[in-house]
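We just call them A, B, C and D in the order they show up, numbering each chain from 1.
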Amino acid sequence: MSENQEHDLHLLHEMVRIRRFEERCIELYSATKIRGFLHLYIGEEAVAVGVMQALGPDDAVVATYREHGHALARGVPAGSIMAEMFGKVEGCSHGRGGSMHLFDASRRFYGGNAIVGGGLPVAVGLALADAMQHRPRVTVCFFGEGAVAEGEFHESMNLAALWKLPVVFCCENNLYAMGTALSRSESETDVALKAASFEMPAWSVDGMDVEAVERAAVSAVDAVRGGGGPHFLELRTYRFRAHSMYDPELYRAKEEVDRWKERDPIPAFIDVMRARDELGSGTVDGIEAAVAAEIDDAVAFAEAGTDEPVEDLTRFVTSRRA
Amino acid sequence: MSENQEHDLHLLHEMVRIRRFEERCIELYSATKIRGFLHLYIGEEAVAVGVMQALGPDDAVVATYREHGHALARGVPAGSIMAEMFGKVEGCSHGRGGSMHLFDASRRFYGGNAIVGGGLPVAVGLALADAMQHRPRVTVCFFGEGAVAEGEFHESMNLAALWKLPVVFCCENNLYAMGTALSRSESETDVALKAASFEMPAWSVDGMDVEAVERAAVSAVDAVRGGGGPHFLELRTYRFRAHSMYDPELYRAKEEVDRWKERDPIPAFIDVMRARDELGSGTVDGIEAAVAAEIDDAVAFAEAGTDEPVEDLTRFVTSRRA
Amino acid sequence: MTTTATGTVTYREAIRAALRDALQRDERVFLMGEDVGRYGGCFAVSKGLLDEFGPERIRDTPLSESAFVGAGIGAALGGMRPIVEIMTVNFSLLALDQIMNNAATILHMSGGQLNVPLVIRMTTGAGRQLAAQHSHSLEGWFAHIPGLRILAPATVDDARGMLWPALEDPDPVLIFEHGTLYNSSGVLSEGEGDRSVDIEHAVVRRAGSDVSVITYGGTLDKSLQAAEVLAGEGVDVEVLDLRSLRPLDTDAILGSVARTRRAVVVDEGWRSGGISAEISARITEGAFYELDAPVSRVCTAEVPIPYAKHLEDAALPQVATIAAAVREVVRADG
Amino acid sequence: MTTTATGTVTYREAIRAALRDALQRDERVFLMGEDVGRYGGCFAVSKGLLDEFGPERIRDTPLSESAFVGAGIGAALGGMRPIVEIMTVNFSLLALDQIMNNAATILHMSGGQLNVPLVIRMTTGAGRQLAAQHSHSLEGWFAHIPGLRILAPATVDDARGMLWPALEDPDPVLIFEHGTLYNSSGVLSEGEGDRSVDIEHAVVRRAGSDVSVITYGGTLDKSLQAAEVLAGEGVDVEVLDLRSLRPLDTDAILGSVARTRRAVVVDEGWRSGGISAEISARITEGAFYELDAPVSRVCTAEVPIPYAKHLEDAALPQVATIAAAVREVVRADG
């Protein structure tokens, strides 16, 4: 099998993993195995998968509360993510964080931040540490287009650009912040143009095309690693599901959602691979089967997980009790 | 005397008032009559004087801790400002605010804000109230170029532009935020360009030329009043004195200060008026004499002011005790 | 439901009715915040109001907590009567500069010239497995700030009746709605017009003679349940609902303690430096010689709220922990 | 002065020496904040450090409190040992989201994987006629937040010796320097190397048997002066310097009260919900039966700090008001 084909299969596999994982999460939420807020990434998989291809193990990732996809694509084991959402000790955050706070220090996955815009300054600081220690690392920071209105976005963009820090800002523009359309939150709706006003290279990318995302991410990451200072990517995508499990979706028409679903990144990429003749008859089914097995194992792992003893309630407040 | 000449004399008189008033403040600070932080506007007079010409009595002004000039140019009596800095009941803020918190509700002068960037959201709100009540009023908000890095600047600019509110943002770019040069605080040092990225008309103006400032302010205010949405003015000026009374000025060369002093807005405008033959032999002396008399009266008024009874300490915390 | 609803309503409906009523009576009133309009409110509180009052008065804002809270301050100064909704208290930290340095101080800094008739509503509290960044209980912490009035409605009557008096207050008022209460329901008392309630005073929700349990908001119901449990054990508990955290109704607190000579203070904030400490200190200062036992506190453990349910439950005040604290205070003898 | 300075130094010099010492010993340490470099520090604390350590390690920031505090958090996660200076506590409100929702919670949210070795320094306090927006005393308020250590050096030894242990703490530490102390001077104790002091415990600054005055930071000296006055009246006052506001050294507090059976707590925060309330509550909980009189508090009046000197003086704890409170507590009898 050619390297290209292998890579394409990998991209497809990753997107399917995220999609099926979250579909299972919905069932488990209804079954009250998963609680709290649950924000699904369904429809946006090409973004996390595409961007992660550009990163090495020493690079860092900062994400939001909608981060299952980022965690999975970064290599955080599905079982530890599922166990986290079950609130088990085996979870990637020891059951303390839940869906919105997935962490994995070993993979430099810095969460899991539930304050819109709150992760940006932290990403800038991670990059500052690398710059001051002359390490050729890159920090990638994911956030939604809604975060662009926050002061923390503005301050972080300026600081990163002013100090030429190795950050790639990945704005996942899915057109809505909960129920607020971009046009109702920004006087300038071209977020890449806004980013450029910080003297930062900024491109808009079709976030439904996993290859386009990967290409853009690779050039941005290479440029940043090469000392080019921070870069900004606007990844144009769409959230197929409700904002969270409690959203009646009064703010958008079903037709709009359906139109976007026609651009579903997974079937779209399957078509591309078909055209390239990279898919045998059973290939997709094989991927689906492997993914289903992985998720079954993840759920079993979570189900078998242990509850932290109540006596340990005040652990992890300070390192003395960590 | 022609209307033009009268107006020019007015502009000159206003700038001289501010200059001499603050020179007196320095003496009074050394004499410990004035305490706390004292931020001088010396060198920047053309900005406040020029902008205020564009406003009517119903318009509103929001300023910073460097606001003596704005208060004087807005018509707040010199005596009540001086009394405020003396901490007297007769002060424009009842002696509660001091130099950084001059207020005058009757002139819609909304202070006097000592948090950099803190006045911007308030100005946006004042404009929102006017818009919702369909009043043809304009709110002018003054702030320094250092405030541009603050999140509150970004959020306020966007909100004003998004909602097309009647605000004129007046950025007094005196090149330094305390000791931090603009190039060390902004990745994009063209602040007007930054403002434009909010889809807001933005111009840069020579802040040392009182007539240029007035012209720009009049067009901006007219456009805003006409429903054109918020406008942004970058007023390029310079602070001749230290940031406050405690600043050794390690961060800039004396030569640089001297170069800017050659562009002192007062002598510059005197030359203009001379060229226009608008100044008789004794005119300037006359202005100086009138101003000196006004300031003497202001100081006398402040000296004669009364201390608020200590029993009233907890007044003005809530309106029940205001 | 309609503005004049009576009978059983949810806490959510009661607040919505209060909002609608205020919007109908005073054209200067408007609601502004994230997703209050098209989304229908993060907790569906403002659902339907956009259709009724339009986008000018039910104003969706960008994610800009500092700017839209500050804009509320400016709009109040400009003659409007804004109701600013901060989706949850967790995001209010981004607006604290505007709240403390402007809303709470402008009246004072201006020597009494400029008051700020602003109402800020926000959801507070834990108990829904939302973890460390979405479970703060900071209303008692905000009560430290002079110039603010802090209200915490715990009943449908208060949810319905606190908004109008808050809007009539010439100064800033913060109303904290506990997230676990929205779905709770109760019978709205008969009442005319605005159904305003007294926002100055605490109320005894359950009279008792053995010990005073002093609380508010999200822990009122737990305290009442604990009182029931203890009644079965022959302990007669008085439950005082503070309702206002700033100013605190010290007379009501001392009055209750004077009757019972014992007190347990319950709140959902972290223990150290929480509002319960202030209440304990005031009781000591005002009723030291009447106390038969030291004042006791039941607060949230000093830990960021964990996601796992059993740990979150263990972190928060519960019926059992309240009851246990009361038993100890009753057993103790001065 | 040099790092090994002994003899009389100002509080400002002591902090500068501590900064220089830390920067020399550990290349991961850097100082970041507004005007710490070219300006020399708003209060001249970092004067000269830019020339010695260069702009990389003495890093001037734009006016972006939230971003540079958050960047400090990220840099700490990335292996550095940042010292972030927030020019004054009044501006820390703009960074509270980063402090409470990130610095204080990341260790917990990550289940112990990621600690944040960050030190944040800021000036606090009133007393210089800086009025309502520049005179906050919020260190006691910050002490409400789990996950933070809160230090308040009141002496030159503590100004010199608290920084290094703070940097060695794997978790976030906030150091509050009272603005009126910078020009104060004292004799630095003999000491080797880093001159680290114990940051876990309170210290009795003046032993006494009649009453305990419990305080810290900007009100320590006023309390000691009051003790002198009272000594002249035959009242033997013990003065306890808390030094750390989170965690509080409860043992030291209760130990002192056990000896004196009377306590007055003094701090410069607003009275309601201040740290003094917490201390009063803990004394009630831990020493109720030993108390001969109710615990008393001397705090700042509940008013935004006025500019006029006589009003500002009246708002703050003073030697006379502390002495008066002590007299009352001594007169009282349980």
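Here are a few things to note about the model shown:
Definition applied: a residue touches a chain if its C-beta (ideal position, glycine included) is under 8 Å from a C-beta of that chain, and two chains touch if they have at least 3 such contacts.
Because the structure is a prediction, the values reported are computed rather than measured.
Under the contact definition stated at the top, the chains bordering both subunit B and subunit D are A, C. Centroid distances from subunit B, each centroid being the mean of CA atoms, peak for A. Mean C-alpha positions place subunit A and subunit D at a centre distance of 41 Å.
With centres set at the average Cα position, the gap from subunit A to subunit B is 47 Å. Note on chain placement: the centre of subunit C and the centre of subunit D lie 31 Å apart, centres being C-alpha means.
Among the residues of subunit C, those touching two or more other chains are numbered 61-62, 64, 66-67, 90-91, 94, 97, 101, 108-109, 131-133, 146-147, 302-304, 306.
Counting only residues that touch two or more partner chains, subunit A has 93, 95-97, 101, 113, 115, 118, 149-152, 155, 158, 162, 184-186, 316-317.
In terms of which chains touch, the assembly is arranged so that all chains touch all other chains.
Subunit A makes touch with subunit C in their complex at residues 35-37, 84, 87-88, 93, 95-98, 100-101, 113-118, 146-147, 149-152, 177-181, 184-186, 247-248, 250-251, 307-308, 310, 313-314, 316-317.
Those residues of subunit B lying in contact with subunit C across their complex are 60, 91-97, 101, 103-105, 110-113, 115, 118, 120-130, 132-133, 139, 151-152, 155-156, 158-159, 162, 315-319, 322. Interface residues of subunit D, counted against subunit B in their complex, comprise 34-35, 37-40, 42, 60-67, 90-91, 94, 128-134, 301-304, 306-311, 314-315.
Note for the complex: subunit D touches subunit C at residues 66, 90-91, 93-94, 96-97, 100-101, 104-105, 108-109, 131-133, 136, 140-141, 143-147, 246, 248, 269-270, 272-278, 280-281, 284-285, 288-289, 291, 293-297, 302-304, 306, 334. Only residues 30, 56, 61-62, 64, 66-80, 82, 97-98, 101-102, 106-115, 146-147, 149, 170-171 of subunit C touch subunit B when the two sit together in their complex.
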